[in-house]
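Some structures to go through are shown next.
Common to both upcoming complexes is subunit A, partnered first by subunit B, then by subunit C.
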Partner chain A sequence: MSRLVAVFSEESSLLAAVRGARAMPDHRAAIVDVYTPYAVHGLDEAMGLPGTRLPWVTLAGGLCGMAGAIALQVWCAVLDWPLDVGGKPHQSALAFLPITFEATILLGGLATAGAFFWRSRLSPLAEPRPVAAGVTDDAMALVLKLDGAGPDERTALHDLLLAAGAREVREEDR
Partner chain B sequence: MSDRNQRMAAFVLLVAGAAAALFELRADPARGWTDLLVCAFLFLALALAGQVFLAIHYAASAGWWIAFRRVPEALMSLVPLAALPMLAIWLGRHALYSWMRPGALESDPVLKAKSAYLNEPLFLLRMIVFLALWSLFSVLLRRASLAQDVGPGLAQHRRMVRLSAAFLVLFAITFSLASFDWLMSLQPRWTSTMFAIYMFAGLFQAGIAAIALAVARLSRSGLAGSVTPKHLHDLGKLLFAFSIFWAYIWVCQYLLIWYGNLMEEIPYFAVRTRGAWLPLFALAPVLRWPGSREWCCWGAGSTSI
Partner chain C sequence: MIADAHLLRPSWVEGKPTLRQITDDVSRPLTARPTLGWWACFAVASLALAWGAASATYEVATGIGTWGLNKTVGWAFDITNFVFWIGIGHAGTLISAILLLFRQKWRTSISRSAEAMTIFAVMCAGLFPLLHMGRPWFGFWIFPYPNTRGPLWVNFRSPLVWDVVAISTYFTISFVFWFVGMIPDFATLRDRAAGRGDRWRRKVFGLLSFGWDGSWRTWSRYEMLSLILAGLATPLVLSVHSIVSMDFATGLVPGWHTTLFPPYFVAGAIFSGFGMVLTLLILTRKVMGLERYITIRHLDAMAKITLLTGSMVGFAYLTELFLAWFGGNPFERAAFWNRATGPFAWAYWTMVTCNAILPQLLWSRRVRTSVPILFVLSLLVNVGMWFERFVIIVTSLHRDFLPSSWWFYKPTIIEVGILVGSFGLFFTCFLLFIRALPMVAMWEVKGVAAAAAHAGEAHA
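Coming up: the complex of A and B.
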């Protein structure tokens, strides 16, 4: 896959380049991704990213935690070994609430973190492959897809990125 | 509605409320004083919530809320006025608080043991001190904020930070004691160590809801441009977080009393989970917890909080 990497030092230049690339008329300058060392406000809107689906993972994880905690407690204290606590009914749902609450939060949180790392291909063992030097420090990189772009379009894209304020533009194949 | 009409409507409602309260106090003093206590406490708590919101944000050097700073500030400015109906509760003390009736403290050994704290002169003294303290901080914070409009510079901001930090410490103590005095002592033999934080959770959640409603409405007129959907989202998240906090505290209080099933504690919930109280009791978590954000959206005529 052939792609174009543009490196920026300023947020405003990056945002201008992202908007410019999306506004290109004849060539669909598809944005592969943007790498920044910190969250840049307004970038999601400029890239036209759809809303995150991460909350659904949180919901699913939370529901699993809730169901698991209720099942465990009901099985332990009602079905397998009925517990008499202060003469209360064995099935006292209120007493199961704290553990259910904590398990819901725990599994919801773990599922969210896990899904985030999985989707963004992050793990402690992953080999770091920075798209450009400094993207974890003071540089921001915009990566565009070049497949199918003619020479004129490539020149136009180069000009656009440099005009927006890119300090470095290069093509690479990988 | 124009500004003038709104003021007029508010004034008409004020007069109608005062007339209704006076009529009820004449017709049925016991009912009337109870209703007045509920209303006085609710509005004082809402006003205080604005003050606490403002103080927390100043003490934490938060910046995100500056676009709608005047909204909690307006709530806060109500504190000295809202203190007046609360002060009037003193006149109805014998109708409200059974432990203040003649002979009540002497005849009950439990109440007698509490009488070093729970007695009429100290009750009045605490009431005056609390209301005066809160009003004083409300006036000082408001004055510093207005002075900031005229004279730029950091002097007033630093003053607000110091005032806010001092207020938060004093508020934590005074509001706890006030909730013991004014509400918990309605059932003088009953105690709950969760009660003060439970009242605070209710105060802050209701306050954030009120602020969110006002900001959502104003974002379409007066604050349009400076308040963005992000502000409304953040207010919504804050409201959601404190709804969870309220529910957490509510369950903490209920669970322990239900589990312990002790004679000193259980009457509070025994009364509230039976008969005419039950529907109201069941409604409270529905309105306050999962529903609070949705009610707020509905009230603001918007889906964006």
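Coming up: the complex of A and C.
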């Protein structure tokens, strides 16, 4: 895959370049990804990324935690070994609430974090492939797909990126 | 009108550092040799930890009778320390989660260290119920697991079991939040460690950074993850101290049996936590040379929250007194009369002075922006909040319904040792943290600094 890497030092130039690339006619210059040292405000909109579905994972995890906690408590305290504690009913639904609440939070949070790591392919053994020096420090990089772009288009893209304020533009094959 | 825009919306970082400078300023202490001040603090902290470890070892080997709990005050020092440490942790979650939801930008440079404080404080807190069990190696009995005793299950109606679940959940979620928040910074440190002598550093941060490469698709999900974790941690932190307060409120002992306890405890927890954050940050910003990122204005903002929560605590004290008088329950009345005038009156008035009266000084901007006064006040808040738990527990227990079992409680040297040891553990962990990990969230500060720079450009 042949691609174009542009490096910026200002988030305003990066945003301008992203907007410019997306406004290019016939969309040959698809954005592969953008690499930044911090969460740049407004980049989601500029790139037009679809929203993440992580909140659904939270909901599912939370519901599992809730159902699991209710099931465990009812099964233990009502079905398996009912104990008379101070004459309270075996099915003390209100007293089961705190643990149910905590389990909802716990599983909701862990499921979301797990889904995030899995979806973003982050793990202790993942090998980082820095796209340009300093993208975890003070540089920002925009990576465009070049496959199928003619020489004219390449020049136009180069010009666009430099005009937006890129400090370095290079083509690479990988 | 907007000529003074920087006054209306001032920057939370002093002197407009570049992105590279932020990385350098935060990472420098991690590779530099520790200062003399750090070594001095570390020596004191590890000595305290050693004393605590020795005391705890003696207690476990001999039995909890080595504490002054053989008569009437069955909780001795232990639960006072437990509630104190749990409370300390709450400020970290407030800063990292609740202020995130409220989009308070000033949280960025203090959130990392406040979260670390939460984790270490919860570790200290967990130690005390464990030691109170007498046979800590059976601590796992508190969890519901299939066993050969029936299986006999734990009593899910007991607030003590709620406590275990709440605190383990709190620890887990806080830890995940803290760790996830550090991943981009680990990647920064990994990429900085390019020299030949940095092989181990590169390896360790390489593992910890999970292969983070700054991809925006990851950032986008990452922001959502932070938001969700903050949204989950917010009700969680409120629930944790509410449940801790139910350890008391569901009991019938005079002075405990009140519905005021959950909000009163949560306010007190945040109050004490901010006391501790102020103490720690006033010291570390000096020792680590981070005054540019943890500014006077941060201290000012934290002082305001301390004032707010301190006033809530003071209001709760008055409400308690009023209800003891107005409720018409003679036992309740006697308990509060005993608190204010009995043998522990000195503890009660220490608590009132440190928590309700002295923080009122923070109404003055001069006090809020004076580092020495703020430091002394923050220490007094810690003292006052420790005494609050002592007053609640000991004064209620030492004279309950049966005058024949009334007793005066005195801690033994072993209990004092374990309390000192918990401070040792806390500070040892914190001192190692500021040496080994980035104590300011670089990526968050960069975001705030960049946003401020752009706001400045727009107004200029």
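We adopt the following convention: the second predicted complex is superposed on the first by the 173 of 174 C-alpha atoms of A that agree within 3 Å, B and C clash if a C-alpha of one lies under 4 Å from a C-alpha of the other, contacts with A are read in each partner's own complex, and residues count from 1 in each chain.
FYI, a residue touches a chain if its C-beta (ideal position, glycine included) is under 8 Å from a C-beta of that chain, and two chains touch if they have at least 3 such contacts.
If you're wondering where the values come from, they're calculated on a predicted model, not measured in any experiment.
Student: Are subunit B and subunit C a fit on subunit A, or do they clash, once the structures share the same frame?
Tutor: After superposition on subunit A, which the two structures share, subunit B runs into subunit C.
Student: Quick one: classify A:D44 as touching subunit B (first), subunit C (second), both or neither.
Tutor: Touch status of A:D44: second partner only.
Student: Name the contact category of A:M24: first (subunit B only), second (subunit C only), both, or neither.
Tutor: A:M24 contacts neither subunit B nor subunit C.
Student: For A:P98, is the partner it touches subunit B (first), subunit C (second), both, or none of the two (neither)?
Tutor: Once the two structures are laid over each other on A, A:P98 reaches both partners.
Student: Going by the clash criterion at the top, which of the stretches 23-31, 131-139, 185-193 or 221-229 from subunit B hits subunit C after superposition?
Tutor: It is 185-193; the other listed stretches have no clashes.
Student: Just to be sure I follow: which residues of subunit A are touched by subunit B in one complex and then by subunit C in the other one?
Tutor: 85, 88, 95, 98, 101
Student: Could you list, by residue number, the parts of subunit A that touch subunit B in their complex?
Tutor: By the definition above, subunit A touches subunit B via 85-86, 88, 94-95, 97-98, 101.
Student: Which positions of subunit C touch subunit A when the two form their complex?
Tutor: Residues in contact with subunit A: 18-20, 23, 144, 150-159, 161-162, 165-166, 169, 172-173, 176, 180, 183-184, 187-188, 190-192, 206-225, 228-229, 232-233, 235-236, 239, 243, 246, 443-444, 446-447, 450-451, 454.
Student: Subunit A touches which residues of subunit B in the complex?
Tutor: 248, 251, 254-255, 258-259, 261
Student: Residue numbers of subunit A touching subunit C in their complex, please.
Tutor: It is residues 9, 11-12, 33-41, 43-44, 47, 49, 52, 54-55, 58, 72-73, 76-77, 80-81, 83, 85, 88, 92, 95-96, 98-99, 101-103, 105-106, 108-110, 112-113, 116-117, 119-131, 134-138 of subunit A that touch subunit C.
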